[in-house]
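One structure coming up, written as structure tokens, with questions to follow.
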Amino acid sequence: MNTFSKYKLQRQIGMVLTYAGIGVALIFFLFPFVWILTTSLKGNEDYFTFPPVWIPMEPSLVHYYRLFTHGNGWLYFKNSLAISSLSMLAALLFSVPTAYSIARFRFGGSLFSNFLLLLRTMPAIALVIPIYVLYSKLGMTNNYFGLILLYTVFYIPFAVWLMIGFIRDVPKEIEEAALIDGCSRLQALLRVVIPIIVPGLAVVALFAFITTWNEFLFAVILTGSETKTMMVLVASYTSGSPTDTFYGEASASVVLGIIPAFFVAFALQRYLVKGLALGAVKG
Amino acid sequence: MSIARHQIIRLGVFVMALSMLMGNMATQHGEAAKPYEGTTVKVIVNAEFVKYAMTLIEKELFDKHGIKLEVEVIPGEAFVTKTLLEFTSGRSPWDLIMFTPTYMADYFRHFEPLEPFIKKLNLRLDLDDIAKEYQISNMYWGGTLYAMPLDGDIHTMFYNKVAFERPENKQKFKEKYGYDLAPPQTWKQWDDQAAFFTGWGWDGSDHKLFGAGASYKENNFSFNWWRQRFFVYGGQYFDENMKPLLNTKPGIRALQEMVDTIQYYPPGVLLFEAEEPKTMLIKGEVPMLVSWTSTGKRVGDPNQSLIVDKAGFGMLPGHQVDGKIIRASPNTGGRSWAISKYSKVKDATAVVLEFVSSPEQSLKIVMDPKTIMDPWRNSHFTSEQFRSAFPGAGEYLDSIKESFGQTVPGVLIPGGSEYQLRIAEMVSRALQKSMTPKEALDQAVEEWDKITKRRGLKKQQELWLQQMAAMKETGVTFRPELADK
Amino acid sequence: MLKKTLSSRREAYFFASPALFLIVAFVIFPLMYSFYLTFQNYDLAIGPPSEFVGLENYTEMLDDKRFWRSWINTFTIIFPSITLQLLLGLGIALLLNRIPRGKTFITSLLIIPAMVSPASAAMVWRMLFGVKYGGINNALMQVGLLDVYFDWFATPARAIMSIVMVEVWHNTSFMMIVLLAGLQSIPQDLYEAGEVDGASTWQKFWYITLPLLKFTMIVALLIRMIDLTKIFGLIYLLTFGGPAGSTQTVAFSTYLSGFQDFRISYASALSYVIVVGVFILTLIFQKVSRFREGEET
């Protein structure tokens, strides 16, 4: 009786500590979001005082308003939305067949994975100028198409890498059954493989969306006045004192810029642990 | 009676006809006065607050000329790269270009000289309303006029009168240093006072306050603060053979003084850009600051400043030589407007340029604290409106006007910004105490030689000799003996 | 059989060709162009045409103190970051693995920081670290731990610590997810067998969990390390390489050469050297980890 209850106590303490630990982690990882949100809703009196006002008594949307009227906030948000969605679709479109090719036909061998690694190590700077020159010659520096194309192309290697793992998990027999039934490879891909790897597609799509939404170096260089993205807006507040005079617009733009992160995080949670485990470890 | 009625009717018809005719003429004249009606001029600027500045004038511009403005912002560093990329490929989506004159050597070949437009369109640029030294460094290149200023970046001094006028402070200071406490005229006085004010409540409170403010960040700021001292100790950038003179006595003395006194400044000073020390000044945490003239607007803005009626203004400290004080207010480049060579609406752009830099419109821009633009026209300094904008404004504007006569330009030859960045980096590293001043300046000289070699010694020398001569005319030459005084 | 192989090859090309074409046109081609540029002296301020200068850019690099220092700066940021990310990620993954319900919900909350862009993360923390009005200093002052103001980036040591903190906040979730997946693939019966043998919690961890996680940890660490060598957004928005150049990482110094000095050719040359450097780094890393793995068996 004694040892049993001691054991139970130990387990209970263990559980309490576990939850406490997780609680601390949650606070650490999430408090900045709460802070930036409340900051964006503060008026001047609340922001510049001490003792600090943590939650404004009268939250105001004035910074957002200013962002959308003077700051073209809505345009930037729209641009980011369009560019990321289209890049996501394009990335899927191009990477699924390629991944299929590598997974099933062993196309390219290990050359491809080495190339992926190489691409990952290259700092963006090396590519910005040549791409800019190329794009200006093609007249693509101020439209959606140019940036979408670039993002798609840069994302394809990673998408393919993820997808290979997912495709390899689909048992060959199912496909072969379809082929024997008279399907072409393409039909087999479309009708058999893709429905099975939908979770994998979701993971790749969500990553594509969020990666392109978050990108900032190429966005600054390759966008013009009509096509600028949210990240360019966020970055534009670095000079001129974001902690000071422009705290309102800066924090509001950050809040707008991180909205997709929340959506993607929640959408991903269903697929992520399974999906990444498959892709990361096996790829 | 009936004859009178006829006459009245005739008169009435005549008057109507006349007024219709005049009305017609008026409309025609009005239309003739708006030849650019419906044109859109695309403007490119490098910060949101510059775009804001344009909102102050765009309505009147439209009313007067019927021209619409489309302002695009490319933030920060990417600005020069992106604009140069566009220009070197022979295009530009923009007509009116805001640029920093530090890069004039790299940009000028993409701009239209302004003289032909002045003649053709009868533009009024009021050039004699601008200080000569300023014109040379911010508007001309190789004798040709390319740009009109937007922002007059020089440094003056701002201080908190409370610190200097409290009897207790005065007494303590006299006891410790042996002379009367007054806003510093020389760097020695500034350094003494920075030491004096550090660590206690010189405003009568029990807060631990700081001795002085400055910006020592290495993407150029530290260079600007260093050259305030370098030149008054007799320094110069190069000699006539393109040998950099940074590591001579004037340079080392200037840097050594900065290193010895850095503990009197707020701890983050190595990361400070322009606005942080200004905020500290107006919140009463540092007693004095040498900085851009736009500080004055923040000082006088009751919405943010706690020292509105306690602020003093003056010229920055200098060096006493033979009974006179010589000063070197750094001209940090500022901002100017130019017309893109690749624009399709050059005439309309020239008209906009005239409008935005006109005395009346530019006054609006430099008076508004949110634009962070500094005054640059003589008429700005004498404007009654500006002089009564806040307590001490008259004093403030006088200090700027006087300072314009004692400015030193940056490095105005090709690669200018690169030279400046290298010396700024080295100054910052010495301030960080990872190198001695001599080591830092020696390495700066090495880096400068590399740049000169890369750009071509002969070419650089030719252009440098021109700048050296222009500086000589304003009294700035290499006089290392001053560093010993 | 032969016919089938041939048609397979053709089909393989067919499937892969669109992506391949794009990659060649928009990645390989620009890469080759930028490599070609490294042998020229293309300077944006001077404009085209540029001249052939052979290996001058590379020889100049040998003498470039700023570049060599940036490697040191990069490592001082990378190593604490991946260590902390590993420890924290593992710790949280272990805790998460133990709770019966709510795992997916809490996980999704914890990965939000990793989904946020470096630019956003940097801006949030820059404002949080704000000297006068930032959340952190305000909290510390309110609690009384802070007296005079405190600048989190004032000295090189502090700046690096702060950047490491932001980086750990930003990307620990990645580690956590990967390790959680790894943990969940460890069969439960191994633990049960261990318990039967009387193993303590610590022993179970050390002898069962760790060895089975090793491969996953190594892959995750490698990926993080490579990503960290490119760290740029955080530096650009938090410190801009300061104070006094102490946080200039390799990618950042390349940026400075390209965008501040306009020396496109030189910046490209630096980039290629960085790629080589990182490649060497991964080789070393793989050797070391394989060596230790070999030791175990």
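Should a chain be cited, it is by its letter among A, B and C, assigned in written order, with residues numbered from 1 in that chain.
Here, contacts are C-beta pairs under 8 Å (C-beta built on N, C-alpha and C of every residue); 3 or more make two chains touch, one makes a residue touch a chain.
Fair warning: this is a prediction, and the values are worked out from it, not measured in the lab.
Visitor: Hey, which pair has more contacts between C-betas, B-C or A-C?
Guide: A-C
Visitor: From the C-alpha centres, identify the chain that is farthest from subunit C.
Guide: B
Visitor: Can you work out the whole-Å distance between the CA centroids of subunit B and subunit C?
Guide: Chain centroid spacing, subunit B to subunit C, equals 40 Å.
Visitor: Could you give the separation in Å between the centres of subunit A and subunit C, each centre being the mean of its C-alpha atoms?
Guide: 16
Visitor: Which subunit B residues sit where two or more other chains touch them?
Guide: In subunit B, the residues touching two or more other chains are 78, 81, 85, 276, 279.
Visitor: What positions in subunit C touch 2 or more of the other chains?
Guide: 131-132, 240, 258-259, in rising order.
Visitor: Two-or-more-chain contact residues of subunit A, please, as numbers and ranges.
Guide: Counting only residues that touch two or more other chains, subunit A contributes 129, 133, 235, 237-238, 244.
Visitor: Give the list of subunit A residues in touch with subunit C in this complex.
Guide: Answer in residue numbers: 14-15, 18-19, 21-22, 25-26, 28-30, 32-33, 35-36, 39, 47-48, 50-52, 94-95, 97-98, 100-102, 104-105, 107-108, 117-131, 133-134, 149-150, 152-154, 156-157, 160, 185, 189, 210, 213-217, 231, 234-235, 237-238, 242-244, 247, 250-251, 254, 257-258, 260-262, 264-266, 268-270, 272-274, 276-277, 280-281.
Visitor: Under the touch definition given earlier, write down the residues of subunit C that touch subunit A in their complex.
Guide: 8-9, 11-13, 15-16, 18-20, 22-23, 26-27, 29-31, 33-34, 37, 88, 91-92, 95-96, 98-99, 104-113, 115-120, 123-128, 130-135, 138-139, 141-142, 169, 172-173, 177-178, 180-182, 184-185, 215-216, 219-220, 226-227, 229-230, 232-233, 236-237, 240, 250-251, 254-255, 258-259, 264, 267-268, 271-272, 274-275, 278-279, 282
Visitor: Provide the residue numbers of subunit B that touch subunit C in the complex, in ascending order.
Guide: 77-78, 80-81, 84-85, 88, 103, 105-106, 208, 217-219, 266-271, 276, 279, 283, 414-415, 417-418, 421, 425, 428-429, 431-432, 434, 443, 450, 454
Visitor: Spell out the part of subunit C that touches subunit B in their complex, as residue ranges.
Guide: Per the touch definition, subunit C meets subunit B at residues 41, 44-48, 60, 65-66, 131-132, 147-151, 153-156, 159, 239-246, 258-262.
Visitor: Would you mind writing out the residues of subunit B in touch with subunit A in their complex?
Guide: By the definition above, subunit B touches subunit A via 42, 47-49, 52, 55, 70, 72-76, 78, 81-82, 85-86, 89, 91, 93, 273, 275-276, 279, 303-304, 370, 372.
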